[in-house]
Each structure stands twice: as C-alpha cells, then as structure tokens.
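This is the structure, below, for whatever I ask next.
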Amino acid sequence: MGGLTWNYILKRFSMFLLTFWLGSSLIFIIPRLAPGDPVSAMVVRIVMREGYMENAQEIIESWKERFGLNDPMAVQYVKYLGNVVQFDFGFSLARFPTDAWDIVLPALPWSIGLLSVASVISFIIGNTIGALMGWDKTPRWLKSILPFSLTFTAIPYFMFGLLLIFILAFKLHWLPASGGYGRGVDPGWNWEFIKSIIRHGTLPLLSIIITSSGGWALGMRGLMITANSEDHFLLAQAKGLSPRRVFLRYGVRNAIMPSLTAFALGLGGLVSGSTLVEFIFAYPGTGYTLFQAIQTQDYTVIEAVCNLMILITSGSVFFIDLLYPLLDPRITFKSNK
Amino acid sequence: MAEPLLEIKNVTKIFGGGLLSTSKPVVALDGYSLDVYDQPARITTIAGESGSGKTTLVNLILGYLPPSEGEIRYKGINLHEMDRNQRLMYRREVQAVFQDPYEVYNPFYRVQHIFDMVVRNFKLGTNKKESRERIEEALNVVGLRGEEILEKYPHQLSGGQRQRVMVARAYMLKPRLIVADEPVSAVDASLRAMILDIMMKLRDEHHISFLYITHDLSTAYQIGDEMYVLFQGVTAEKGDTAQIIENPKHPYVQELVNSIPAPDPEIKWETDIHLPSEEEMRMKYARGCRFFPRCPYGMDICKQKQPGMFTVGPQHEAACYLYQKQQEEQPK
Amino acid sequence: GGGTTTDEGDMAGEETTGEETVAEEEMAENPLDYLNADREDTLIVDKPGRLQGGDNWNPKVPGNAVGWGMAQLGFESLMILNYETGEMMPWLAESFEGNSESTEFTLKLRDGITFYDGTPMTIDDIIYTFELEMATEGFGGHFTWKEWIASIEKVDDLTATFKLAKPNPRFVLDYFSVKIAGTTLFLPKHVWETVEDPMTFKNFDIAKMYPMATGPYMLGKVSENEVFLVRNDNWWGYKTGFQKLPEPKLVIISYVGTEEVRTATAIDNGFDVMEDITFGAWQAIQAQNPKWEAYYDDFPYAVPDPCARLIGLNNAVEPWNDKEMRQMLNHVMDRQQIIDIAYEGTTTLAPTFWPSYASMQPYTDLIPKDKWEAMLTPDLDKATEILESKGYVKTGDYWTKDGVELSLEIQCAESFSELERIADVFAEQLQRFGINAVKVKLVDGTFYDNSNFGNYEANSQWFTCGSVNEPWATLRTMSGEGAPIGETPQGQQNVYRWYNERYTEIVNEIGVLPLGDPKIMELTAEALEILYDELPALPAAQAKKLIPNNFTYWTNFPSAKNPYISPWCWWTSFVVVVVNLEKATN
Amino acid sequence: MSTINTENLILDAPTDAKKVLEVENLRVQYDTPRGAVRAADDVSFYLKEKEILGLVGESGCGKTTTAMAILQMVQSPGRIVGGQIRINGRNIVGIPESELRKYRWTELSLIPQGAMNSLNPVIKIKEQMADAIRAHENIKKKDLKPRILKLFNDVGLPERVYNMYPHELSGGMKQRVCIAMSIVLNPSVIIADEPTSALDVVVQRVVAQTILEVKERLGVSMIMIGHDMGLQAQMVDRVAVMYAGRLVEIGPVMKMFKNPTHPYTQLLIEAIPSIKEKKPLKVTEGLTHDLRNTPEGCIYQFRCEHVEDSCCNEPPRMYQVGIDHFVSCRHAAERARSMELLGGYHG
Amino acid sequence: MEQKKVRRWNTWDNPWLNTKFLIGISIVILVVLFGLLGRIFWNVELAYVGSSPLNLPPVWQGGVPEHPLGTESNGRDMLAQLIVAIPSSFKVGLIAASVGMTAGLVLGSLAGYFGGWVDAVIRTLADAVVTIPTLAVLIVIAAFFTMRDTTSMALILAMFAWPGPTRIVRSQVLSLRERGYIRMAVLSGERPFGLMFREMLPNMLPWIAASITGNISGAILGATSLEALGLGPTRVPSLGTIINQAQTSSALIRGMVWWWFPPILVLMIIFTSFFLITTGLDEIANPRLRGLNK
C-alpha cells in the first residue's frame, strides 16, 4: 500500500501544525478577553471567605507583576508560544506555587480512564444498537424496542447521574456515590484499589454510557442503512452466509469507518474530561479542573489542559488522515477511480 | 487546410501525486495532440479502451480540469488565457452531451430548469415568449414538444427522451462543436439509433461538428468521419473511420476490431485472446511503446521509444514501427 | 475502641496518674495509625468544593490547601474572638494588649507551646514569621505588616513589643483574633530557616510532619477528594492542661459532590459537620435522619454569617448618582420576599450593613427608626411618586424617560449562588414594578474587576463586611473619595463611588478612637443618619449559614442552646469546637 | 389479471434435457408510495441442464429483478407477489431463510452486476472467497488456500490476488474474482448479471471466454443477463427478451437472431450497428411507459408497428412457435406459424 | 399512433405522507402549541420568581387547583414554567441548530467547492474550534454582553455547532461536485454561487432536514448543560434551567418529583418526536427504507 507520499505526509503535518497553532492561539486569547484576571479572581476568593482583605490592590499589582500579566499582550504571547513549544506553562496562577501540570496531571488518569472506558463502551453499545436498527434482518420485536433505548439520550446526563446515585447508591446501597476510590484503600497496584476504582467508576460510567450511546446509534443507523444496500452486502447474502456473519463482516465492518473517525476526533475530549459528570460524582478528573480554572481565570491551567486537548485532537486528525487510506482501502480506491 | 477550430497541442494530464493525493500519479494523457476542423462540419470519433484517457480529454476540453502540460486553443486562443467574454463565447460554441442521461439532470428541478439556466446565463431571448420559442425550436429539432417535456421531472422521462433533451439543450446555443462523451452507451438499442440520427442531422443540416467519444467502434463506423484511436493516453491510429475499421493497421486496433462480438450466433470469435498480467502491463518501458507488452509483433526498437505517427495510407496514420519502413519507402 | 468514659465529670474525679494511664492507653505509637480509626472515633467534616493544589500547604501563599483542616486544627491563632460575648479569648497568647494610644502592643506567649516535633514555640518563631512575611512580597500579610508595623522588639523568650507606624485600636482584633474566618498563622523558624525559596516552598511532607504546626491535629493523608488529619497526642494544650485532648482521633475533611449528594451523604451519616446547605436540603435531612440538628431548632435554623448581603450601586453612573433614584430602588425592594424565596426563610429581616449579632445590637439601635421601619416593607407608591417626579412615565411594561427604558443590570459572581438568588428575586421585583432589571453572572475575576473599576450599574455583594463587635470596620467601606470609573479606589474602599465629606470625616474620627470609647456611639449615629438617607448601597438580607451537626457519633456541638463558640467548621476557631466534642453515648 | 395461459409453455416444451430451474408466473413488485412498480410480471421460463440462457432487454425492464427473485433476494421495498421458482423440481418461494441458505451458492450462485461494487472493499479477497466456502462446508484451514488458488487458476487470476484488497485489482480482475467465487461450490445454476458490461471490448472478450470455459468444464447452467446483442450472439444457447417487466419472447439463439418473431425482438436485432456495412439507422419513436401504470392489454402496444385494437384490451399469453421458442404476441405467433407452415425458417 | 392518457399521480403518492414523519411533526406541533396556547389559558407571570406559594405538590398529591402541577421553592408555578420553558428551549434549539447549520453549509460548501487554501483554512478553523472549551468562550461573552434572553444563548451555542456540519457538508460537496448535473450547470454558464446554492443545496436538503432535527435536540441538550453549569439567562425559564434549579435545590432528595420530572419528560418527548422525524425523512429521501420497518 504505497498510498502515502512524503509530500502528502508533509502537507498533512503542516496542517496539523497550523491547527495546533491556531487552537493554541485561540486558547491564549479567549480567556484573556474577559476583564479581570486570575489575581483578581484569587482576591475575590479570599474576600469571599474572609469577608474583606487589606491592601488588596497592592497585592493584586504585585502578583500581576510576578506572573507577567502587566506585560504587553504581544510579549505575553511570545512567551506563551515558547511555553507551548516546551509544553511547560509554569505555575498555576490560582494555585501558586503548584505547577500547572501538577494540577492537571494527577487528574488526567482519572478522566482518561473513565472517559476512555465510557466512550469505548458507549461506542460499542451505541453502534450495535444503531447497526441493529439499520439492518433489515433484525428481529421485529428487537427493532421495536431499540428506539426506546435512545430516549435516554434526551435526559441531561447530570440529571441521569443523580437519579442513578439515588437509586443505586442511596436507596439500594449497591455502589458508592462519589469519589474515585474508597476512603480506606491506598492507591497503588493492589487489587483492593483496582476493585475500588471499578466500583466507584461504575455509576459515572453508567450515566455516560446510557446517555451517550444514543448519539452513536443515530449515526450508525444511517450508515448501516447505506451499507445494507451496497452490492457486496447483497452478494454476501447470496453466498448463503449466516446472517450474523453478513451483519458483522459486510455490514458493520463497512459502516463503522465514519464512526471511527468521529471517535478518533473525540479523543481530545478525553483529556478535557466531563465537567458535569465529575461535578455530580465528585470524580477527580480534569473536567472539573478545567471548569475551576476557567472560573478562576487560571490561564496556565486552562492552557495546559487545552493545549493537551488540541494536541490530541489535531494529532488524531493527522493520524487519521495518514491511517485512513491504510485502514479503509476504499479511500485509495476512490481516488484512483 | 483551414485553421483548426480546436487545437490540442502536446497536452499531458497527470492525476494524483499532487499535494493532497494519496495515490500514485497516473498519466492519463501523454503529449497528446488533436485538431478538430469544422468546415465542413464533421464528426470526429475518439475511440479507445476504458481508462485510455477519453473522458480526461473531454474534461480538459470543457475546462473542468487544467492540463498538466501543453495547451488547448480554441480559434487560436488558449483556453486558460481567455477573458470573460471569450469564455462565455467558448461556453456557447463548445457544448457537450454526456454518457449518463440521468445523472446530468438535477433531480430537484423540472426539465425546464435545464433550459432556464442556459437562457439566463447566455441571455437568450429578451422575454419569456421569445426564449420559450427558442426552447420549442430546439426541442423540435430532436423531435420533442415542449408541453410534453418541460413540466416533467427528469425521472418521468424515458432514457431516450432525456438524452434528446440534452442534445436539444446543446443545440439551443447554436454551438460550433458538441463534445459527446459516450452519448449512447447507456441507452436502449432502439433509442441509440435515434440519437445517432439526430447527431447526423445536426451535422448535415445545422453544421455542428461533433467530437464523438466512444469505445463502441460499430456506432463510430456508422456515423463518424474521422477517427482517433487512443491507447493509454496516446494516439495509436488515426484516419478515416471506415478505413481504420475495415483495414486496421496498428496491432492494438486490430485486436480491438477483432474483439467486437459479431451480432451473429454463427460467427464466433476466432482465436482465444490473452492479456498480459497486470505486472507485465505495469512494467515500465520508460520511453518505449505502450502497447509493447501486449503486442504480438514486438521488436527491439519498440522497447526504446514511443513510435511517432507513420503514414499508412491516405489520411491514415498509425503509431507503430511496423510501418516505419513503409513510410520511408514511399515518401510523400 | 469506643470508650465512653470520657465524661468530664469522670475525668475531673480521677487522680492525675490515673488520668495519664487512660490517656496512654488511648494514645497511638505513631499518629498515622489513627488513619485507621473507627467511625466512632472519626469526625467527618463536609467540604463543598474540590481540593486542588493538595500538595501545597504553605499557609502564606494564596493557592494553598490549609483551609482543608490545617488552618482550623493544625495552625493556631493567638486569640479567638467569642461572638456571643464580644470578648477575645487568649489561645497561643497569654495576653496581647495595647497602650492607650493604640500605638504599641505587647504580646506574651503561653509557656510550654511545642510544635509537632517537640520543638518549643517561642517569640522567635513569631518574630521570624513577621520578618519573613515582610521580606517576601508574595506572602499574604506582606503589605499589611509593612503598613502597620514599625518595629518588633523581643523582650524575652515569650514576650515581644510591636511598635505601630500609626495608631490602630483594632490591631489585635483584626489580625489575631479570628474576627472573620481567618487569622495570622505562625511558622516554625527551625523549619522555615532551611527553606530556600519560601514563595515556592510547598510545606508538604507527611514523614517530616510538614506542615509543621502546633495544633491538636496534623496532616495524615491527602487523597483526591479528602484530607485526613490525625490527632497530635503530644499537643501542648493537653500537656499543659490548658485544654483536654480532643476525642476524635481522626478528622476527615471530605468533598462528595453536589448538594444533593452531600445531603444524601449526610442522611447516611457520612458527615458529622456540614458547611452551608440550602433549606430544602436541610428539610430532607431532618426528615430522614433526626440525629441532625441545626443551630436553631426552628426558623431561621441558620446562623447569620458576619457579612451582610447588599445590592451595591454604582453612584457614579446615571441615574443612580441621584439619591432619590437609589431611594426609589430601596422602596421597591421587598426584603421579606427575598428572605422567603432566596433564603426560604432561613434568615431574619434586618436591613443593616453589618451582621445582626448581639454584639452589634447597640450600634444597630442607632439606625434612624423611620428609615428602618420604611425598609421593612416595600412602598411602591413612594417609588412611583419619585419616578413620576423625575419625569418618568410608565409606557407598556416599563418606566421610560424620553423614550428610554429604565433598566438595571445586576452583576453577580459566578461561584456565589446565594448572592445570585438575591439578585434573581430583586430583579424580579424590579421587573414587576416596571424596571427592566436583569441578573448577569460573571466569573469571579471579572466581577471583582468590574466592581473595582466601576464597570457596573449594580451588583449583588457583601463588600461592607468587617464589623462584628464595633461599627467602624463596616462604616469605613463606604468612606473616602470614590475613584472615577476606570480607576481603583484607594484600599478597595468605596467601590460604590459615593462621596460624602461629612461621613468620611466621621469615619476617620471613629477610626482612631480606642474600642469602647463612648464618643463612638455619637459619631456612629450621625454616620448612620447620612448613610440611611443616601443609601449608596441597599442592604438586602442578613447572610445565613445553615450548618447542621450530626449527633450520631458526637455531641456538644455549639448551638443556640449551647453557644460556647461560633460554629463555623471552616474558621480557625473550629479547634475550640473539636476540643469540646464528646462521644455520643447511645 | 391472470389471463395469461402458460400451460402451453410448460407442457409443450419438448425437451429431453433436465430442467434445472423453472420459473413460473413470477411476479415481483416494488411498493412505492406512488404505487406498485411491477418489475416482473408473469415471467415464466425454464433453464435446461448445461445451457446458457441469455436475458436481454432495455435498461430497467426487470432483468436484475428477475435474477434476484430467483435467488430470493429481492430488496426492499420489493417483494415476490406470486409465482413459483423450482430448483430441481422443488419450489423455493416462501421457504424460510435458514432453508434458503442451503440453496444459495450451492445450487444457485451469482455473478453480480458491476463487480466494481460487489466485493467488500475492506476485506481481503481470500477472506471473501473463504467466507463462501465456510458458510456451507466444514473445511480445514490448510485446505482452504489450495482450493482457492485452484479456482484462481481456473479463471486465469495470478496467485497474488489471494492476499489483495479489491481496490488493488483492475475491473477485469475483479470480474474474474466474482466468477471464481461463483463456482467455488459447483452450483447447478449460475446467474450472471451483465458480467461484462462495464468492460471494454478486449477485456470483455477475455472475461466472456473465461465464463464459457468454466461453464464447459463444470457443466453448469447459466443465465446471462445483458443488453449487448453481439455478446449474446457469441455466448448463449437461448435468448429471452424482456420488455417492461414481461417476457416477450424466448427462443434458441439462432432463431432469435435470424428470425425474430416479436416486434420488439425484431427491433432489437435490427438496431444492432454493424461494422460490416454502413446502413441507414432505423429510428423508431420510443416511449418507455411507467411500470406503475401497466396498460391493459399488450405491454408493447405504444411502440408496436402492428398494434391493433385487440392488443389494447387483452394481454397476450405465451404462444409456442417452435422448439423451446415462445412469444407473447398473438399476431406474431400467427405470422410465425404461417411462415413455418410455408417452411420459411429453420435456417 | 394514439397515446393513452397516462394517469396523474395519485394524491396519496406524496412521499411526505410518511407515518413516522407525520407523527413526529404532530408531536412537535402539539408541544409547541402547548407552549403557545398555554399563554392564553394560563398566566405566564406565574413562571417568575416569587409569584406563587412555595413547594406546593401537584393537585393530585394534595396541592391546590390554582397550581395544578405544583410549585417549586422559588415560588414559581410549574405549569406556567413549562408553558414558558418549552417554546424558549425550542427556540434555543432551532436557532442554534439552524444558525450552526447555515454556517456549516456556507463554510462547508466553500471548502468543498473551492478546495485549496480556502479548504485548508476552513478545516483548520473547524478543528481548532472543536478543542476550545465552550465554557471559556461563554465566560468571555458574559463579560461583555448581557444575556437577556435565550437568543444570545442560542447564538453562542451556534458558534460551536458549525464545525460538525462543515465537515459533513464539505464531504457532500466534494462528491456532489463530480455529479453530472453540476458539470452540466457549469456548461450552462452557472457561476460558483449558483452552483453551490441553486444546484447543490437542494440535493442536500434531505440530509439537511434529517440532521437539523438531530442538531436541534443536541442544541437543547447543550443549552441544558450550560444552564446546569449556571450559564445562560435565568429570568426566562427553560427546560434546562428548571432541571438545573431542581438539581441545585435538591428536588430529588426532597421527593419533589413534580419539579424535576416534567421537564425531563418533555425533553424525552421532544427527542422522540425528532427521532421519528429523522427516520421519516430518511425514508422519504431514501425509498429503499420504506419497507424496512414494516
């Protein structure tokens, strides 16, 4: 498969760099557009707790100076680009002297862990439902039930999460309601800890999966219908293959490609976590970190999370562009026709 | 001879290998030249196997694609240097009819839309009545009547009707040249005759020339005046249609003519034919004759250089070294 | 081990040796063993907000996590103010008193105070803290000390004298008494001396018992959502007999999620103490777990927080620069409805700029009676009268003047939902009256910036906060010249951009009078006369904190019936509560 | 409706060869909101052992529909509304899916229209071949490869195709893959739906020869759908002509070309362009009518030169006009019979 | 030769008379009518803070007939809230989806049609926008504009709703560009604008119609989430704000089912009806499907 040329790779790579730069720049500009800054935000937080604060203005000025917030925008931007290149954004502005990465990194495994499992499962479930809905051999009873599973998509998932907490955690006491792991267990590679993670992850997982499978299902249904009417699908039936095999190898296998692309595009989202789910389940991921960073205008933390997200998103776009011709022979086929 | 209407000069078209392409470059046309004369109006056939570059040629002429190298001149003006007015003139004078008579209709609109676009963009007719008259006239030429066609949707027309409407549309602009890319290969046998008949009528009565693209040599034989046989982006043989088909010179054209299935159950194909494998075909004879891997008469010289055109008869040339001697022996 | 023999009477009756034996039995070899304490020995404190920067326990930099227990139970204050009595009780300090001009204060530490590692705390540690803070620009008290302190003189190992740059009768009250939530925390010299850059020092190393402090608890573990504090059995307060050893062996500061989940957790006995919750949640808890009790047994259930809530007005913009227009808004404001809806009845009607504490009552009584009365109920007729006299006409839904709709934009800080609800209700009242009012929610930084630079019309806020047992701190916040829009007022004072010469004069005068000077009453009365006529901001409601306590495992929480200290679990004074807790006897 | 009497057809067929496939009164319609499209209307024919039957007709006349109906694979919204399809004497219309699967590919296989799209683009050729085998036989993994390679050899494909994806093959090669696939289980009937229409004459000829070779070797019966009369003349034993969902004539290839009986067949034969001589084109007024509104009476009435009033009232039935030769036009049948009486044909 | 008169299309031939599509549309219309007519029959002033007694259960659980669906703890009547919220949520969905789609259509068409650097710029922008947290932008906007009503909220959502459609339209245009009728239109002297919007656009209609329904539900949910994070206008209740307030006021644990359930039910009904519409449209655009679910 000599489909890849250097020229193509270079071109794609420059697109990747361009996207990355553009995203990074937007992330620099947008939070700074609003009046106020992380230091003022910090002062409000203190004032909020303590009622008042002496010499607030001097403190603000001194911290702004320290963080370089008084520099002209252009200077800040150049410094920022330097940070982006090194992928080091310095201290968190709201949690000085903690490094921005020290705030983001501990949260990252939680988000990535939870969301990757959730997205994979909802991807599988959603696409299975969608594929079954779009398949003409699906048993009628199943076909009439499936659409109902989609209506959960309409429930905002924070509300759904709460319902789950109430029923499964507080009424039935089956699962813990919140947190990443139990109070008594020590983080590490021990079975207790892993078991605890799984138990604590179940509810957030459920709420994401149930409410987000529908989206996949809707898309897959359409794709499957198209795949169903393709000639090779008919030929496979004519070959007398078992319906299951026809369904999987000649239907799903072909229809899944666009969904996979969408899936890959969503990978960036794993990093940014799911604010509401983390909010409801007190789950220690990056979604809430980002939310708080935005609230407190903690530029460096926002930058750390978002740049990681931009890197992953534009990186996956780049890799999809590279891999797609290899994964889906149809691409090369089309351009040669 | 007079100056050609359309001149194609050493045009090369390479697909792929470009900036965003994932595929290897394909040379669809390679230093291709072609002249179309139009006094008197005539039908010039371009024939050749599938993938030989026929449609690419059409796309170049109609300006859908830019040539990679070489130039296309219309009345002496380079297509890509035309100004706005010249372009409009070109669009008016060079029209097209395509293979699939269904695809060329926007399923969303009534048939009328096809004509409306033309009337609007080329300012045919100053008022509704006048343009309607012109539409009627054009439809009459192809044997249709406005009221039975215009208000319908494309899917409500038969294949023959659809194709005739397309011819009428082209005719309405009173073009000098109509490029017809396989105009009959998708229609029913009986309707095929009708379309070809209209083409001849337009040539003879309305002095419109045709560039008739086909891989069906038998229809070309019936209506064509001149013929170019393409093989992998270069001309293999050119000359008078009847001469080529009755007396093909180039080994490829011979093979082609022999392969046409006779519509007679009593006359079966004579010999078995074997094509070389893909690898063999793909093998690069860097500068050699493209047909060499398949050619039963392959000579050493064929491996070295693509042959030029050698005269093999009056108005009849073939790109094959077999005829090099012949030409040398009887110089003009 | 659920020992139930910790009744004070019992302990008092024991011989000293006996007492030691009991204590020894209960004491752990290693304080970290307390991490596995039983539920009965554990105190779980609710924290409605996520732990971030959980590795930063440097109490002097802004992003620290000491609010997660260490400020309350690890570091200790010199004095602790008792709201009920208005008196300051000495804690680390034996005494801290000023001269009559309030220019010199002498601090005497208690003897026997030790850090976790046994190192005694002396006046050197105190002085070191001040010096370090004055030398380090990013530290919290840096500018404060530079402004007030001229010099500190060490008298002996336990005594020092502070010379002030200018008189400040509230020096001890404001900075060393937990007046509102916080106080000055002191650093162990022997630890901090070794630190290279105090600004970036995180002070987090459980093995070394960092953050090193003196209190009855030390940091045991930090997880994603929780902080674990284990008992310091060698606490100086117990050793010196100043206090008993607190009974909870483990204190967990725990974040569980949204209010719904917090509520459910409380019902399941997942907490012993809660931070503020809504009335609805309280009802749910009360209905499902009768072991929970609020500060009051009946309405308002909640305790008033020391910062009154108000609608601040920008006195520099049209038409609110007009006193009558501000009065008009005041007439529209239905304070009882705000309490009923925004607070669901959990606070009391008192249109003051300061908290309605018993300690403030004498000053509250100085508010002109007619003005006070008028503020208890809305008076839409008066408001209409004012508007009509100003040339407004009501066309359609709204009052207009020269075709321009009368509107009001009320800004709120994003993370302060209590103030948002006030704004919601007030905006609704204005809407009904015919003023196109909307609430606008802004991130905290923007909200604060807008307030400082005067980029607002009205905001829902609490910036008159300060007074708890004397009037000046609050009065001061409205004194001084209002900065022009686009500039920050001096010392954050008077973000309302209201200026009254006489008022400012009075406030400056009160400022230097020693606490308790009879002249204060007189001046305050005059100031209030001006204030309640001009109304640069509209007092909206008393703040409330509904802080229920769970009596399943622990008893003797402070309450209206047993008000030994303010009940806030996030204040530095919380140590007093924990020391006084008693194990529940089922 | 069912006034067509086809008894003749079945009973009178004087044939010694076994009929491997019999289609009787097949009716297929597509239900559309604008009415039912009768894409196959009362189609009856049979296929004898080792014979190739050509099925011709203009585009959209129902050739593919008929083929798919034989495979019981008419796609929604189409459905078989009547008739029987018998394979080796057993009717397969209406039998359950699981039963059908046993017939598919072992008895009936398909070379689909447009090999371009008939191979799954994302699965390797070997897998697609193996799928067909595994669906019907328990075959050991190691036996699979030699078997497939042998098939490749039979159709003239190089071995490397085994490991390739469809897009890496040329149109001709794909078509041959489809041919190879159709014979993996030695079916008794192969339905080839325009197997060469997308190819140019040279490649077409190669593929056609491959098909003939394979057919000879395996002795299968075939239905060859197409609209290239030249190719039909080269390949088939009998030709069936469809027009607007009906079978209008079916007969031995010699007779069909030399002596077409039905006016439509005549038109088709006359319109074949020749490369032997230039002759004036025969132009007829053509009007495809909507398959939703089939007229009463003869389907060809609007285009027929010999149309009479009776044609418009009553649909014609199948008349036998010779051995294995039937026509669905009374007038044509009469003419043919009178010619036969005169001894005018048997060329 | 006499031509027989060809029968005219039967009126029932109309593909738009698709059962699913019609049911979907009717539900949507009913829901909207509930919102619109409700204003006539019910006092919508009751939807605002402090207009009614607090925490009344619905009438069948012992409430009062003045507030048949009960009230919540801000003193709003649930029935009035729903009457106001449904159209406002709908509006958000409609505006956000249609503005987002329109932008997507224009940008996608430009990218697909012109290719080259136009394409590169638009694609890059689309990819970059996907990675920007909505919240951050919202906060900036909140700092400068007063979000007085749901329209501004919808427009903001639309700012994030265009990259998806852009991508899809782009690929659609890429394939439409090769269609015969587009080539024919070029030959007929059509200019790019005419090509994109007169020739291509109508042929994307089924797709547009189908995905706009998906996007509307998406936008309504998106708005709900933003409101749940406390962003967005609050005076005018929307389904999102009701749910959000129910959540922050612990309605669930207080057992105030009448507070949190109705808005969710409405969301589910809206979603279901849009799903039916989408399926119906699919079938209308793609005749193959018509028999599929029979």
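The letters A, B, C, D and E name the chains in turn, as written, and every chain counts its residues from 1.
The rule is simple: a residue touches a chain if its C-beta (ideal position, glycine included) is under 8 Å from a C-beta of that chain, and two chains touch if they have at least 3 such contacts.
Bear in mind the structure is a predicted one, so any value in this text is a computation, not a measurement.
> Find the chain most remote from chain B, comparing centres computed as mean CA coordinates.
With centres defined by C-alpha atoms, farthest from chain B sits C.
> Does A-C or B-D have the larger number of C-beta pairs in contact?
Of A-C and B-D, more C-beta pairs in contact link A-C.
> Return the distance between the CA-based centres of chain A and chain E, expressed in whole Å.
Spacing between the chain centres: roughly 23 Å.
> Please work out the Cα centroid separation of chain B and chain E, and write it as a whole number of Å.
Here chain B and chain E have centroids separated by 50 Å.
> Indicate the whole-number Å distance between the mean C-alpha point of chain A and the mean C-alpha point of chain D.
So the centroids are 54 Å from each other.
> I'd like the Å distance between the centres of chain C and chain E, where a centre is the mean of that chain's Cα atoms.
46
> Counting only residues that touch at least two other chains, what does the list for chain A look like?
Counting only residues that touch two or more other chains, chain A contributes 34-36, 136, 162, 166, 229, 294-295, 332, 336.
> Two or more other chains in contact with one residue: find those residues in chain D.
Residue numbers touching two or more other chains: 75-76, 285, 287, 290.
> Scan chain E for residues touching two or more other chains and write them down.
Each of 139, 142-143, 247, 252-253, 288-289, 292 in chain E touches at least two other chains.
> Provide the residue numbers of chain D that touch chain B in the complex, in ascending order.
Touching chain B from chain D are residues 58-60, 158, 170-173, 198-206, 208-209, 227-231, 233-234, 253-254, 257, 267-269, 271-275, 278-279, 281-288, 290.
> Under the stated contact criterion, what part of chain A meets chain D in this complex?
Residue positions touching the partner: 136-137, 229-243, 245, 249-250, 253-254, 257, 328-330, 332-333, 336.
> Can you list the chain C residues touching chain E in their complex?
258-260, 263-264, 267, 278-281, 283-284, 337, 340-341, 344, 409, 414, 417, 420-421, 424-425, 427-429, 431-432, 438-443, 446
> Mind pulling up the chain A residues that touch chain E in the complex?
Those residues of chain A that touch chain E are 15, 18-19, 22-23, 26-27, 30-31, 33-36, 136, 143, 147, 150-151, 153-156, 158-159, 162-163, 166, 218, 222, 225, 229, 265, 268, 272, 275-276, 290-291, 294-295, 302, 306, 309-310, 313-314, 317.
> So in the complex, the part of chain B that touches chain E is made up of which residues?
On the chain B side, the touching residues are 62-64, 88, 91, 95-96, 98, 100, 102-109, 114, 117-118, 121-122, 166, 169.
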